[in-house]
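Data block below; observations after.
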Amino acid sequence: MAAPFSGGGVAVMTGPVLEIVGVSKRFGANLANDDISMTLAWGEVVALLGENGAGKTTLMSILFGHYMPDAGRILIDGVELPQGKPRAAIRAGVGMVHQHFSLAPNLTVLENVMTGTEGLWSWRSATSAARKKLLAISERFGLTVDPDARLGDLSVGEQQRVEILKALYNDARILILDEPTAVLTNIEAERLFTTLKEMARQGLSLIFISHKLDEVMAAADRIVVLHGGKMVAERRAAETSKAELAELMVGHRVTRPVREPSTPGAVALEASGVTVRIGGIDRLKSISFRLHQGEILGIIGVSGNGQAALAHLLSGTLARSCGDLRLFGEVVGNLDVADVVEAGIGRIPEDRNHEGVIGEMAIWENAVLERIASPAFSRRGLVNRKAGMAFAREIIDGFDVRGGGPATRTRLLSGGNMQKLILGRSLYRRPRILIAAQPARGLDEGAVAAVHARLLEARRQGTAVLLISEDLDEVIALADRIQAIVGGRLSPPVNADGADARRLGLMMAGEWQETREPDHAI
Amino acid sequence: MRFERREHRPLYLLIATPVIAIIGALALAGILISIAGAPVLDAYWRILTGAFGSRLSATETLTRATPLMLTGLAAAVAFRARLWNIGAEGQFYLGAIAVAAASSKLLGNLPAPILIPLLLLVGAIAGMVLILIPLWLRLRFSVDEVVTSLLMNFIAVLFVSMLIDGVLKDPLAFGWPQSQSVSDHAMLAKLIARSRLHIGFAIAILLAIVIHFIQSRTVFGMQSRAAGLNPAGAVFAGVPLGRTLVKVACLSGGLAGLAGAIEVMGVKGYVTTDLSPGFGYAGIVVAMLANLNPLGVVFAAIFTATMFVGADGMSRGLGIPTYIADVTVALSLLTMLIALFFTQYRIRR
Amino acid sequence: AAPLKVAGIHASPVENAWNSCLHKALQDAAKEGVIEYVFSEGVSGTDYPRAMREYAEQGSKLIIGEAYAVEKEARQVAADYPETAFVLGSSGEQAGDNFGVFGTWNHDGAYLAGMLAGKMTKSNVVGSVGAIPIPEVNMLINAFAAGVKAVNPDAKHLVSFIGTFFDPPKAREAGLAQIDAGADILFGERIGTADAAKERGIKSVGSLVNYTPRYPDTVFANAMWYFRPILNAAIADVAAGKPVGRNYTSYGLMKEGGSDIVFVKGVAPAEAEAAMEAKRAEIKAGTFEVPKMMEEPK
Amino acid sequence: MTQLFDIIASAGLWAAILRIATPLIFGTLGALLCERAGVLNLGIEGIMTFGAMIGWLSVYHGADLWTGLLIAAIAGGVFGLLHAGLTVTLGLSQHVAGLGVTLFASSFSYYVFRLIVPLANTPPTIVPFQPIAIPGLSTLPFVGPAFFTQTAPTYLAILIALLMAYIFFRTPVGLAIRMTGENPHAAEAQGVNPMKVRYGAVIAGSALMGMGGAFLTLSAFNSFFPTMVQGRGWICIALVVFASWRPGRALFGALLFAFFDAFQLRLQTALSGLVPYQLFLMTPYILSIAALAIMARRARVPQALMQPYRRGER
């Protein structure tokens, strides 16, 4: 069957290209997909929307054959797809761009693209024909890459392109993109959507997953909303609004706490001209900021622009190459984690599973690990288990951590509860400074509200909060002042009260020069 | 058929699986025994009595378990921190030769109460030195230590072979490549007279208890566990990763070196290149059987030695090939590995 | 009398030539009803003392084996079991009443084979492949070299040691290396040497057991060693209740019938064979003694 | 000095190098194939032992030599299946499973051998592979006797090395194997079943190991005896690293190692042990570690080596 778009002309097709019928999937006790049915028409762009954990990736993985559904069928052009066979899906014209890249850094672009595209048992790879085809596709859709470059040497944006090229190379007629813009800069994201629209015009059918409502409204023809594993709504883009979508996603109206006006105190943390270089690349380029007690300073930006380096620097896990750091007016040298904890800096890491907790250890161990050397939890190298358990219990009670006692393995907690545990251990001692990186990422609306309330309470009590977040609404709601981070540089701060999304968007695109205005706060 | 991770490990499984594994291993060994034409039930009985049926067999089993406990602890300590030390065999030999060298060339004249602890320390340090090379390569060049520590084994044994053929060669050994003997007063006292069981056995058990204590009660134990389970998380929580790994490595290499030292000072008295019938490798087996638990290592080592000594004696009694002993041990390992897997996973569909 | 309970403990697999000498003698004695024979093979150094103890406890009256790798411990075991007689191959001395030793002195045969080889070599280079330069191996190789030199003072003699007792492919490689270095007759102290000779179509001399049936056109002479005389002496001592704590080596000498040369007639020149036979008679008569040179051959 | 030169210039040395290298070539290629698919196979030592035993036993019981070699390959494959079952299906830690396989396969070989072959004065023998003089080439001076008078399996080993290089870098299945070793998730996403690829690679690789073992008893020597593999398997594991996972370099590495071994034996004959032979034997290991240290920087190690792939687990 020839790919319809490869003819270049606009053919007319009737009936859906893809039908998902009654798909269910259970992980342990967790029903990730609950009897989901949806369709996709030829040349259509559908956005799949839902909170984290709503089951979007799971549904797409089932469609692509990574997971076996517990129930349900997938039809392509009316023909049922065998379950659990990515190869069959590829053959039927499904291409998938994964949420986490699946590429081999040691192989070349061409090799990455070619894998699995020929019959395994041929005596020769048709390399030159493949290169020609790859170049043709990349030219046609404006996705330029060097076919012979080693993949590991490419930038994230280029790798994303390779992911899409891989799908297109297989003559995909249905392209699934799982959060394709999560790691892209705004400009890259815009370019991507231009390309995607062009593909749709040429006859490709697309499903993309995104948390960014603006993108969804701009690019999708139709929007499907999942909630708690169920499909809860389906809307034409023209007939809905961002507000409606938000409510559909969450399932109910949630009132987030609001920031009350306050007067910030003394400067708690000051950076001037700080540069962080990792492996020859400047992740932070001479950044400066001041963080006051009793205020929340929001750092916005598209991920991958230096947020991680900033958070790690202030968390004591990264050393700076040059510049000054002052804590309460005193210049400090390179901080390690012990110094940071000692200085009363609380930390909420960006990646809670990877850094925030050690899943196989008990809750109490995770609660005390960062302060295990302090006399509160150990003496002469011996762990005071009793004190640790008591501390954990206080956090569990005080921060409403549900899902287990102090001795429960932390891995068993859900994301939101894990986050509450981390929040609890950082805030319990009333830190003077709190570094919060994406504190509400991956949490459902209720948990988000709880986290926000905690952050505002900390602010009220005089803690200086540095909030690093990609979520503009969150930052606007919480922060007193906002700075944008782009390519390792920090914009001058703006007052949150006067800021709107459009202007912040421009800042995140690096265009603060034009919008510069006097800094009121200082 | 897929495997799904268990969220909870029911107690009955933890108890039942090793039993099932042992039964499985014995059943498979039984097939081989009956192929050799020997009565299987009699063979099982002889394995038991061969390992524990007399004062001799019991002390022999425990003697053989001693180095296994120490190399088992060496592997367990390292593996728990995800440091894949496959080099216990080399560390064992280096510990052994260091003791022989120190005793014959340097310290031999010291009185026993000073000499013996000093020699044990020397053996342990030699083991540490050897493992620090792969660890350094890992920390400095991110070279995986599985292969490097494995390679160090061969270098170590060749090094020992060179020494016992050269500077450390015993001139009284009629040209045999063997090291000079450790002084008589440096030999470890016997636990039981007229047997080979020496106080090294008690030292090994004591160390297992100490290490259990370290792992479960100390800051270092908690930190090394964290480092093993999730390095990034450990770093974020302020665990000094490099330093922790160095300490773990020293503990692991030290235990393996000590195993060599104790084998020389407790049993053999001098070093040859066949001092170890693979104690270093068997230690990995023992550690896995014990699920990396230090107290479990004591039992796993005794179990392994029981299987070996018992099956060895059984083969002598029934006149079937001696190699059945190694086969039985290997089968026990394989069945135990599979059984342990099913304590962590269940089959789904 | 009831047959004596004898146990054999072999550190190597019994295929190893030396062990096979013991094994065969013991099996023969068992067949004749003189003894009851049980054995273990491939017993590592760590396990060897245990095997000794186990047999002692199981009631074996005489234990035959090899103490080389466990000299110290073997004597310890013997001291612990004074009721059991131990007669082990050893480079050391006997100990106490119940620990006897024997060496493997088949150097007479090696000397005689050397006399044949010295007259046969065309390249005037012969070679020996040995295990490890221990006294008994040295003595054997030195005797072969002495035999060669006795009839052909100009001949060159090459030596290599493979560093282990049982690694035939390695012995073969060592043999090939010597052939490449010019040798045209090889003395194979170790099994595997003759394979090299066979491959290159040259002649070779065997040691301990008769290799001629295995390599018919290659091995023309063997320095045989028979364990039976030693075994018989030990059995007799045990039966008579006499202490076995003595050195049994001499029972393995040619003049005692414990060793000899076995050769294929007509391969060596007739006069060489005649000269050799004359020497053989002298040795048997005790009028000629082959020099015992224990130092490492160069 | 001239002595050294004589040794190096002798055709016998070079012929010996190829001969000593052959089992290493087989074993290294086998281990390399497994590792390229992401599976470390420390079962190699035992698998080679079993191959040596079963290959010899088959021929001893009347099979012809090639059948013996084939049976050794199949037996190797069966142990590969065991290793794959433990490491691919169950995802157990690869080095522990591998050590288990080695422990089992070697002791099992000795046991079977002792059961089937009666005790004898000297090990029973078979007629091994005979050197084949390649017409035309074998009569060339020096080069002929050095390189073109080997037994058939030696030529086969070299052929397989070249073939494997071709397969890895020129065919779709080679790419699929490499992708699986680099990132099984990516392979899966492109319709390549990483489980199947790993099974295939481990079984085929283990079959090569079995053949390497069989070479010892069917060509290098003519009988089997316990412990005859003598650590050659571990050397192969080192050589894979030394070869930075490339078949061509594996060939070179095996030859280099064999050079040290052959040279050492000859040097001993010539110089009677002025340099401890252990130093020579150590060299390849030290070189391997050095190579690893240099290469790890460039991160050419198969990225998914030793990482179990479990479907649908994240």
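We call the chains A, B, C and D, going by the order they appear; numbering starts again at 1 in every chain.
Note that in this section a contact is a pair of C-beta atoms (placed from the backbone, for glycine too) under 8 Å apart; a residue touches a chain by one contact, two chains touch by 3 or more.
Owing to the predicted nature of the structure, the values given are computational and were not obtained by experimental measurement.
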Winner on C-beta contact pairs when B-D is weighed against A-D: B-D
Centre-to-centre distance between chain D and chain B (centres being mean Cα positions), rounded to whole Å: 28
Distance between the CA centroids of chain A and chain D (whole Å) is 46
Starting from the mean Cα coordinates of chain A and chain C, work out the distance between those two points in Å. 77
Mean-CA-position distance for chain D and chain C (Å): 35
If I count partner chains per residue in chain D, which residues reach a count of at least 2? 110, 226, 311-312
Which chain C residues touch at least two other chains? 42, 163
Going through chain B residue by residue, note those that touch at least 2 other chains and give them in order. 2, 161, 323
Which two-chain combinations qualify as touching? A-B, A-D, B-C, B-D, C-D
For the complex, give me every residue of chain B touching chain A. 2, 4, 7, 217-223, 225-226, 229-230, 232-239
The answer for chain B against chain D in the complex is residues 2-3, 5, 32, 35-36, 84, 86, 137, 140-144, 146-148, 150-155, 158-159, 161-162, 165-166, 281, 284-285, 288, 320-321, 323-327, 329-331, 333-334, 337-338, 341, 345
Could you list, by residue number, the parts of chain C that touch chain D in their complex? 13-15, 17, 20, 23-24, 42, 127, 158-161, 163, 166-170, 172-174, 176-181, 191-192, 195, 209, 211, 214, 298
Chain D residues touching chain C in their complex are 10, 12-13, 16, 19-20, 110, 119-123, 125, 216, 220-223, 225-228, 230, 261-262, 265-266, 268-270, 272, 277
Contact residues on chain D for chain A in the complex? 170-176, 178-179, 182-183, 185-193, 299-300, 302-303, 311-312
